[in-house]
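Provided herewith is a single structure, encoded as C-alpha cells, for subsequent inquiry.
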Amino acid sequence: MFFNKKELAYNAIPDKPDPIMAKHLQEIIGGQFGEMSVAMQYLFQGWNTRGNEKYKDLLMDTGTEELGHIEMIATMVARLLEDAPVTEQEKGASHPVIGAIMGGQDPKDVLVQGLNPQHAIVSGLGAMPVSSVGVPWNAGYIVASGNLLADMRANLNAESQGRLQVARLYSMTEDKGVKDMLSFLLARDTMHQNQWIAAIKDLEEKEGGVVCPTTVPPEWEATEHSHTLYNHSEGEDSAALDWVKGIAPDGHPFNYAQGKAFGEKPILSPAPPSLHNTLPGQDMK
Amino acid sequence: MFFNKKELAYNAIPDKPDPIMAKHLQEIIGGQFGEMSVAMQYLFQGWNTRGNEKYKDLLMDTGTEELGHIEMIATMVARLLEDAPVTEQEKGASHPVIGAIMGGQDPKDVLVQGLNPQHAIVSGLGAMPVSSVGVPWNAGYIVASGNLLADMRANLNAESQGRLQVARLYSMTEDKGVKDMLSFLLARDTMHQNQWIAAIKDLEEKEGGVVCPTTVPPEWEATEHSHTLYNHSEGEDSAALDWVKGIAPDGHPFNYAQGKAFGEKPILSPAPPSLHNTLPGQDMK
Amino acid sequence: MFFNKKELAYNAIPDKPDPIMAKHLQEIIGGQFGEMSVAMQYLFQGWNTRGNEKYKDLLMDTGTEELGHIEMIATMVARLLEDAPVTEQEKGASHPVIGAIMGGQDPKDVLVQGLNPQHAIVSGLGAMPVSSVGVPWNAGYIVASGNLLADMRANLNAESQGRLQVARLYSMTEDKGVKDMLSFLLARDTMHQNQWIAAIKDLEEKEGGVVCPTTVPPEWEATEHSHTLYNHSEGEDSAALDWVKGIAPDGHPFNYAQGKAFGEKPILSPAPPSLHNTLPGQDMK
Amino acid sequence: MFFNKKELAYNAIPDKPDPIMAKHLQEIIGGQFGEMSVAMQYLFQGWNTRGNEKYKDLLMDTGTEELGHIEMIATMVARLLEDAPVTEQEKGASHPVIGAIMGGQDPKDVLVQGLNPQHAIVSGLGAMPVSSVGVPWNAGYIVASGNLLADMRANLNAESQGRLQVARLYSMTEDKGVKDMLSFLLARDTMHQNQWIAAIKDLEEKEGGVVCPTTVPPEWEATEHSHTLYNHSEGEDSAALDWVKGIAPDGHPFNYAQGKAFGEKPILSPAPPSLHNTLPGQDMK
Amino acid sequence: MFFNKKELAYNAIPDKPDPIMAKHLQEIIGGQFGEMSVAMQYLFQGWNTRGNEKYKDLLMDTGTEELGHIEMIATMVARLLEDAPVTEQEKGASHPVIGAIMGGQDPKDVLVQGLNPQHAIVSGLGAMPVSSVGVPWNAGYIVASGNLLADMRANLNAESQGRLQVARLYSMTEDKGVKDMLSFLLARDTMHQNQWIAAIKDLEEKEGGVVCPTTVPPEWEATEHSHTLYNHSEGEDSAALDWVKGIAPDGHPFNYAQGKAFGEKPILSPAPPSLHNTLPGQDMK
Amino acid sequence: MFFNKKELAYNAIPDKPDPIMAKHLQEIIGGQFGEMSVAMQYLFQGWNTRGNEKYKDLLMDTGTEELGHIEMIATMVARLLEDAPVTEQEKGASHPVIGAIMGGQDPKDVLVQGLNPQHAIVSGLGAMPVSSVGVPWNAGYIVASGNLLADMRANLNAESQGRLQVARLYSMTEDKGVKDMLSFLLARDTMHQNQWIAAIKDLEEKEGGVVCPTTVPPEWEATEHSHTLYNHSEGEDSAALDWVKGIAPDGHPFNYAQGKAFGEKPILSPAPPSLHNTLPGQDMK
C-alpha cells in the first residue's frame, strides 16, 4: 500500500509560464517512455516477482519513486500553463500593424496555435496523462514478464530513452526553473541506468549466461542458426563491424553468411466452402 | 527497396491443425514483442541512421530478416487453422451422452470457445496482425530514437522478451512441426541478443561511457542524486543486494538513503474565470 | 430504427471561416465527452434496458437528439474550414518585410501550422470523428452497464464535462455564429443535467438507497471499512472538510483514520520451470 | 512523493488457484473502471487542483489508497494463476474415455481455452495492466478537468460502476478468499460513493447551483431550450415519468415537446480545386 | 436531426439464448466492418458533402438505416445473453461423473470460458460497442474524404467485407431466429453493394476517368511508372494473369518489368549535437 | 523471405529542409491509408491466399514494393527535418522589433509551434510510424479476409484514398524535390488502381457475380429487401439519381420505398438478480 507526502520530489517552479514547453513536457509524463511508463512497469514487475525479495524491493523502491516524478512534472506543467492565452479577452488588443501584415491574423492567435488545445478545453490548465502530441498513455507500452533478466533489460532501455528525451528537452528551453527540474531527472536516470546495468550483470552471472532466458535446453534450439549474421540488405558493411569478426558474448564465434531460405515455398490448402473464401483455380481462365 | 523470395525463412509445417495454438502464436506476430515490432523497429532505426553505415546495414539486415519471420509464422498460423470447427456442419453429429451431461452443450461447441473468433469471421482462416488476445498491433510499441546506444538497448530488450515468449510457446505444444519452427526462432533470437550485446559494448567503449546519452555535460545534471538508491518501499531488502554496496557501472560508488522530498509543497494559482474551474476558497464555508 | 431530417437541430452558421476554431470544435464531436460519446452511450443504454420502458424511452429520446448534435457541429466545422490556407496558391504572395524578419517564413505558413493537417489531407475540409488533437474517438469512452442508477451517474458526468468544455470554447471565439450554436448546446446540456439529476433522485428513492448497486446484501460487505476516510496523504486537510464530520449520505456517520495495512506482506510461490521465470534464490549469492 | 509499505491494503489469499477468475479480476485492475482508472483519475485531479487544499488532500488520500488496491488485486491474480495448466507436461495424462468422446480433445486442453493466453506467454503468471478481455488500460478512460463539481461527478460514476462490477464478480466465484477481498472492495466503494456524494452536495451548495459549471452567465445560454425534454423517439413513455411533470433540480419547471429542427437545411460551398474533392454538379447529368 | 421509431428494422428474436453466438455477433456491431463503422462512415460522408445533394441524400438515407441495424443486432445480442451461466448459483449442481473426469472442473465452468466476460461484468447482459474479441470500436476504421469516388469505393469495400462476415456467421449457428435476422442483413448488403457499384460507375462516367482523383493534371505524374507491374517477389506468376497482358482500365497498355531502384543510396547528414544522437564515425575504430 | 537493396525506389531529395512538410508527409507513412497500411495489407493478403498463386504473386509483388515506399518517404522526412529549430541555440538571436510586437514572442518560437514535437524529442529528426497528427499506426486499419474480391475492393479503396492524399500534399509545397517524389507516388497509385480494377473485373467474371461473396445461396437471403433503396432521410433527392431508376449491377431492377420497420418493438426480459441490474418496475411509482 502507498502513502503520499505533499512535498515534491524536487523543485518544479518555472521562471515564467510557457504553454509550449508545457506541451513538450507532456512527453515525459504520458509518452511511451514517460514517468507513467516507468512507474507502472516497475510496480507491476515488483508485484509479480516470485520469491526474489531483494529485487522485488528494488523494483518497489524505484517504481514508487517514479510515481513522485509524475507528480513533480505534472505540477510543473500546471504552472507553465498559467498564462496560456486561451480566450479572446486574455489576448488583449490586436496589434494593428502586424495584424495587417498577417492578413488580419492576431499575433496572439498565432501563439495559441502551438498549444495543446486540450490543455484549455479539457483539463483547464492542468497536466494530462498524454504525450507531447496528445495521444493518451496506454499500458501496451510496458512489460512485466516474470523473468528478471528480460525485465531489467526493458528497464535499462526505458531509462536510456527517457534520459535521452530529458536531455533534448533541456536544450529546448532557456527557463532556469525548468532546467533545474530536468537536472534532477537527468541525475535520477543516471542512477537508474547504473542500477539496472548492475542488476543485469548480477543476474547474468548468477544464471550463468547472457542469452535470455538462460534456462532453454540446447536441444530445443536450432543452434546452427544461433551465431550467424545473415546478410539481408545489399552490401556487406555490417560484416566490417569489428566485433562481427570475433567471439559472441555467449562464447561462440560469430559467423557471417548471405541470407537464404531454409524452408519451402508454401502452398496452402483451400478453406471450406462455409467460409466463402475465394476458391483455388479462380485465377485461371 | 525490397524483394521477396517465395521460399520461407524456415519450415512452417505443423503435424496437424490446432486452432488454439494458432491463436497463441499470434502473440509472436502481432503482440508487443512480436515480429511486426522487431521488423518495424529495426527498419525505422536503419532508415533514421545518420552516417553510421555499418550499423545502418546491420539494422537493415536484421529488420529485413524479421519481415521474413512474420511471413513464416503467418504461414504456420494459416495451416494450424485448417480444420477449425467453425461451422455447424463441420462439427458433425453431437455425441448424445456427453451432450446430455453437459446440458445439451455439444463438445465441439466447447472446442470452438477457445478459438479467436476473428480467425473464422474476419480472416477466413488466415493470420492476422494482432496479439494472442486479438488486440491489433500498434506502432506505439516501437522506438527509433536516433541514438544507437539507446536503440540497441531497446533491441536487446525486444529479443529477450521475444525469446522468452518463444520458449514458453515451445512448452505449450507437442506438435513437432511447430516445435521445429520455434527452434529456429530460439536460435535467431540467440544470435540477435548476441549481436545487440556486442553492439552495446562497442558503442559504450567508443563513446566512453555507459550512461546514455553519453553526451550530456556534467553541469547539466544534479549529480548529487546520480548514484543514490532512495528507499521508497518499506524495508531495506534492496540495500542487501551485493552490488548496491559497490561501484556503479559508471565508476562512482553507489549510495543508499531513505527517500525524501527535495522540493516544496506546491500551491497552484487559480485559473482565469474564463476556464470555469472551481475557484479557491470554495471548499471553505 | 431511425429517420433523418435535413434541417439541423439548430443554426450552425459562422460569421466567417476559422480553421483553428474548427480544430478546437472537434473536441465536442469526437473527444472523450463529445457528442459521439453521449449519443452512443445513451443509445446503448436504451437498447440494453430490460423492462423499464419509461427510462428506455428517455434514453432513446436523448441519444437520438445527440445524433443530431454531431450533425450540427460537423456542419459548423465544415464551414469554418472553408478558407483554410492549405495550398501554396491559396496563401497568395508572401509579405517581404515580415518574411525577411521571420527568416524567410511566410506569415501564411505560420497560420497553417495551427491547423489540424488532416482537415486538408484526409477529410478535404470536412469534420472528422476525432478530438481537438486528432485522436480518433473510441468506444472505450462509454458505458452501458444495465444498472440505471450507475448509468445515470455516468450520464450526469458526461453532461457536466461536456457543458464545461462548451463554456470554455465559448470564450475562445468572438464569432457570433459560433457563439450562437454554443448557446444552444449550453442550454441542452442544462436540460440534460437537470433530467439526469432528477432521474438519479427518482431511482435512489425507489431503490431505497444511494450506494450503487443498492441490491448488495450487507453480509457481502466488510462494513467496518464502509464509512472511514483513510488518510493516505500527509496532512489532515481533508479531515477539516465540514461534511467529513457529519453523517454520510447513506445514513451512517463518517469516520476518519490513518491509512494502514489490513493484509499481510505477500510472498508468491515460484512459477513452474516451463515458464522460464527467474527462480527464487537467484538474488542471493 | 510516494512511499510504499509491503503489507497489502487487505487480504489477497484465494482458497485455491483459478486462472479463469484471474482473467475475470483483470477487469477491476485494467478495465475502464478498474483501479488504475480511479488511482490515476484522483491523482491527476489532485495534482491539478488550484487552491482548494482540503479537496486536494481528499483526492490525494483516495488516489493513493487506490494505488494500493491495484497492488492487492494484482497479488490475488498472481496467486490465482499459480496452477494454470499452460504446458503439456503440466496437464498430465489425457483421460482416454472423455478424450475419445471429445474427438481426441484433452479435457485439460478445454480448460486452457478459457485462459487469457498472455497470462502464460507474456506475463509468466503475473497480473497485467489490461481488462478481462486483455485490452490494455489507456488514459482516455480518465478525466481531470479543473472543475471539482464536474470531476466529483466523474468520481461518483467511477465508484458506482466499479462497485457494480465487484458485486457481479462476487457472484461469479465460490472461493472464500476471493470473496473476502471483494468484501473489502465493496466497502471501500461504499465509502467512496458516500464521500463523493457529500462533496457534490457541498460544492453545489457553495456554488449556489446544480448545473455545472455554475459560472456560465445566463446571457450565454439559449435558455428557451434549457428545460424541455424533446421527444425524438416515437411514443411518449418518457413523458409519463413522474418527475418530468415537476420542477427541475435547478428550480425551473420541466417542459415536454415534440423534437423539431431549429436550424436550416445546410448547403455547403464547394472546396477549392486543390483538394480534389468531388465538385458540385457532378451528380447531375 | 434524427428521430427514432421503437419498432426494429427487422426481427431480432433468437430461438434460444446462446452467449457464444452473442459474442460472435459483436463483430458486426463494433468490429472493423460492423454497423457502427458503416453508419458513422456514411453519415460523416453525408455531412461533409459539398453541393451534390442527390449523393448527400443517398448517404444520409443509408447511414441512417445502418443506425437501425446497430439497434437490431444489439437487441439480438441482449436476448442471446439471457441465460448466460455467469454466476455460481445459475450454473446449478455440478455433474459428479464428468466433473471427476475433468479434474473437478464443472462442465458449466467450461461453457463459461467461451463467453466474453465483459458481457457479465461490464454490460450486465447487454450488447457492447466492441468486436468479437472485445476490442472497442474506434473511429480510425472509417473515412470521409470529400471525394465521392474514393468514398464510394470505401463503401463498396465495407459492404463486401460486411456481407462476407454475415455469410460466415450464418453458417456458425443453427438458430432459426438468428438466421432470419442475418438473411435480412445479407439482403441489405446486397442492395448497398449494388448501389455503391452503380454510384461508382456513375461518377467515373461523369468525371471521365477511373483513376481517382480524376482531377490530377498529367504533368504532375511520373507517367512512365503509371502502367508497369514491377516484379518484387521472385517468380513471374503475376505476369501470367490474363489481364496483365492487356489494356489497363484507364486505356493504356499494362507493362511488366523487374522491380528496380530509381533512386540513389541515401546518406543522411548528422543531427545537431543538441539532439544527442549518435554521431557519425562512432562505428569505426 | 525478404531482401533489401540500399538504393531507394525513387528520389527522395528535397530542395531544402521543411519540418512542417515533414510532419504532413507522416500521413502517407503512418496514417490510415499510408504506406504501412498498404504494405501490411497486401502482404497479409498474400500470405493468407489459398491456392491462387497468380494473385498471391501479385499481392506479394505489390506489398513488397510498398515496403520500399515507406523507406523512400521516411528518408524524405528525415531530410526535411534537418534544420528544424528545435533548440534555443539553433534559433539564433531574437529579432527585437517583431519580438516586441508579438509580446516577447520570438518568431522562431512561432515556427517551432507547427512542428511535431516528437520529431525532436522522441525520434531525433527521424521519421516515425505515425500519422500527420502523431497518432501511431495500428493494424486495425487493414484487412485480409481470405476472399479476393472483397480484398481487391479494399485495395482499390486504399489506393484511391492514398492517391487523393498525395495529390493534396502536392499542392501544399513548392519544393521541387518533394514534388518529384510525389509524382512517382501518383504514378504508382495510378498503376495500383488500374491493377485492382482489372483484378476485380476478372474475379467478378470468373465468379459470375458482382455481389460479394458470390457464393451465398439465394435461399439464405431475404431477397425482397435486396434491391430497394429505403428512404430514411427526409426528401427524395436520392430517388432522382438516374441509376436508381434503372437496373442494378447484379441484373435486378432497383426499387425505391419509404423506410419502415419490419420488426416488432422489443421488450427485453429482466436480468437475473446476481447481475444487480435495475429490475423492471422501478420506473413506476
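Each chain gets a letter, A, B, C, D, E and F, in the order it is written, and its residues are counted from 1.
One rule holds for everything that comes next: a contact is a pair of C-beta atoms (placed from the backbone, for glycine too) under 8 Å apart; a residue touches a chain by one contact, two chains touch by 3 or more.
The model shown is predicted, which means the values in this text are computed figures rather than measured ones.
Undergrad: Shared touching chains for chain C and chain D?
TA: Touches both chain C and chain D: A, B, E, F.
Undergrad: Average the CA atoms of each chain to get its centre, and name the chain whose centre is farthest from that of chain C.
TA: B
Undergrad: Look at both sides of the chain B and chain D contact and report whether the same residue positions are involved, with over half shared, or different ones.
TA: Different: when the shared numbers are divided by all numbers used, the fraction is under half.
Undergrad: With residue numbers as the basis of comparison, which of the pairs A-E, D-E or E-F duplicates the interface of C-D in over half of its contact pairs?
TA: Having compared contact pairs by residue number, the answer is E-F.
Undergrad: Based only on mean CA positions, could you tell me how far chain A sits from chain D in angstrom?
TA: From the centre of chain A to the centre of chain D is 26 Å.
Undergrad: Using Cα averages as centroids, what's the distance between chain A and chain C in whole Å?
TA: So the centroids are 27 Å from each other.
Undergrad: In whole angstrom, how far does the Cα centroid of chain A sit from the Cα centroid of chain B?
TA: Their C-alpha centroids are separated by 12 Å.
Undergrad: For chain F, which residues are shared contacts with two or more other chains?
TA: 1-9, 32, 48, 50, 53-55, 57, 60-61, 64-65, 68, 72, 75, 78, 86-87, 89, 98, 110, 113-114, 120, 122, 124-125, 130, 133-136, 138, 140, 143, 145-147, 149, 164, 167-168, 171, 202, 213, 215-216, 232-233, 235, 241-242, 259, 261, 268-269, 271, 274-277, 283, 285
Undergrad: Please name which positions on chain B make contact with chain C in the complex.
TA: Those residues of chain B that touch chain C are 164, 167-168, 171, 241-242, 274-276, 283, 285.
Undergrad: In the complex of these two chains, what residues of chain A are touching chain B?
TA: Residue list for chain A touching chain B: 5-13, 32-33, 46, 53-58, 60-62, 64-65, 68, 72, 75, 78-79, 82, 86-87, 89-90, 120, 124-125, 135, 138, 140-141, 143, 145, 147, 149-150, 153-154, 156-157, 160-161, 163-164, 167, 170, 179-180, 182-184, 186-188, 190-191, 193-195, 197-199, 201-202, 210-213, 215-216, 220-233, 235-238, 240-244, 246, 248-250, 254, 259, 261-266, 268-269, 271-272, 274-277.
Undergrad: Would you tell me which residues of chain D are touching chain A in their complex?
TA: 1-9, 30, 36, 40, 43-44, 47-48, 50, 57, 60-61, 63-65, 67-68, 70-72, 74-75, 78, 122-130, 136-140, 142-147
Undergrad: Spell out the residues on chain C that touch chain F in their complex, using ranges where they run on.
TA: Residues 1-6, 48-55, 86-89, 98, 101-103, 105, 109-110, 112-114, 116-118, 120-122, 124, 130, 133-136, 145-149, 202-203, 206-207, 213, 215-216 of chain C touch chain F in their complex.
Undergrad: Help me check something: in the complex, which residues belonging to chain F touch chain C?
TA: Its residues touching chain C are 20, 23-24, 27, 31-32, 95, 97-98, 107-108, 110-111, 113-114, 131-135, 164-165, 168-169, 171-174, 232-235, 259, 261, 267-271, 273, 275-285.
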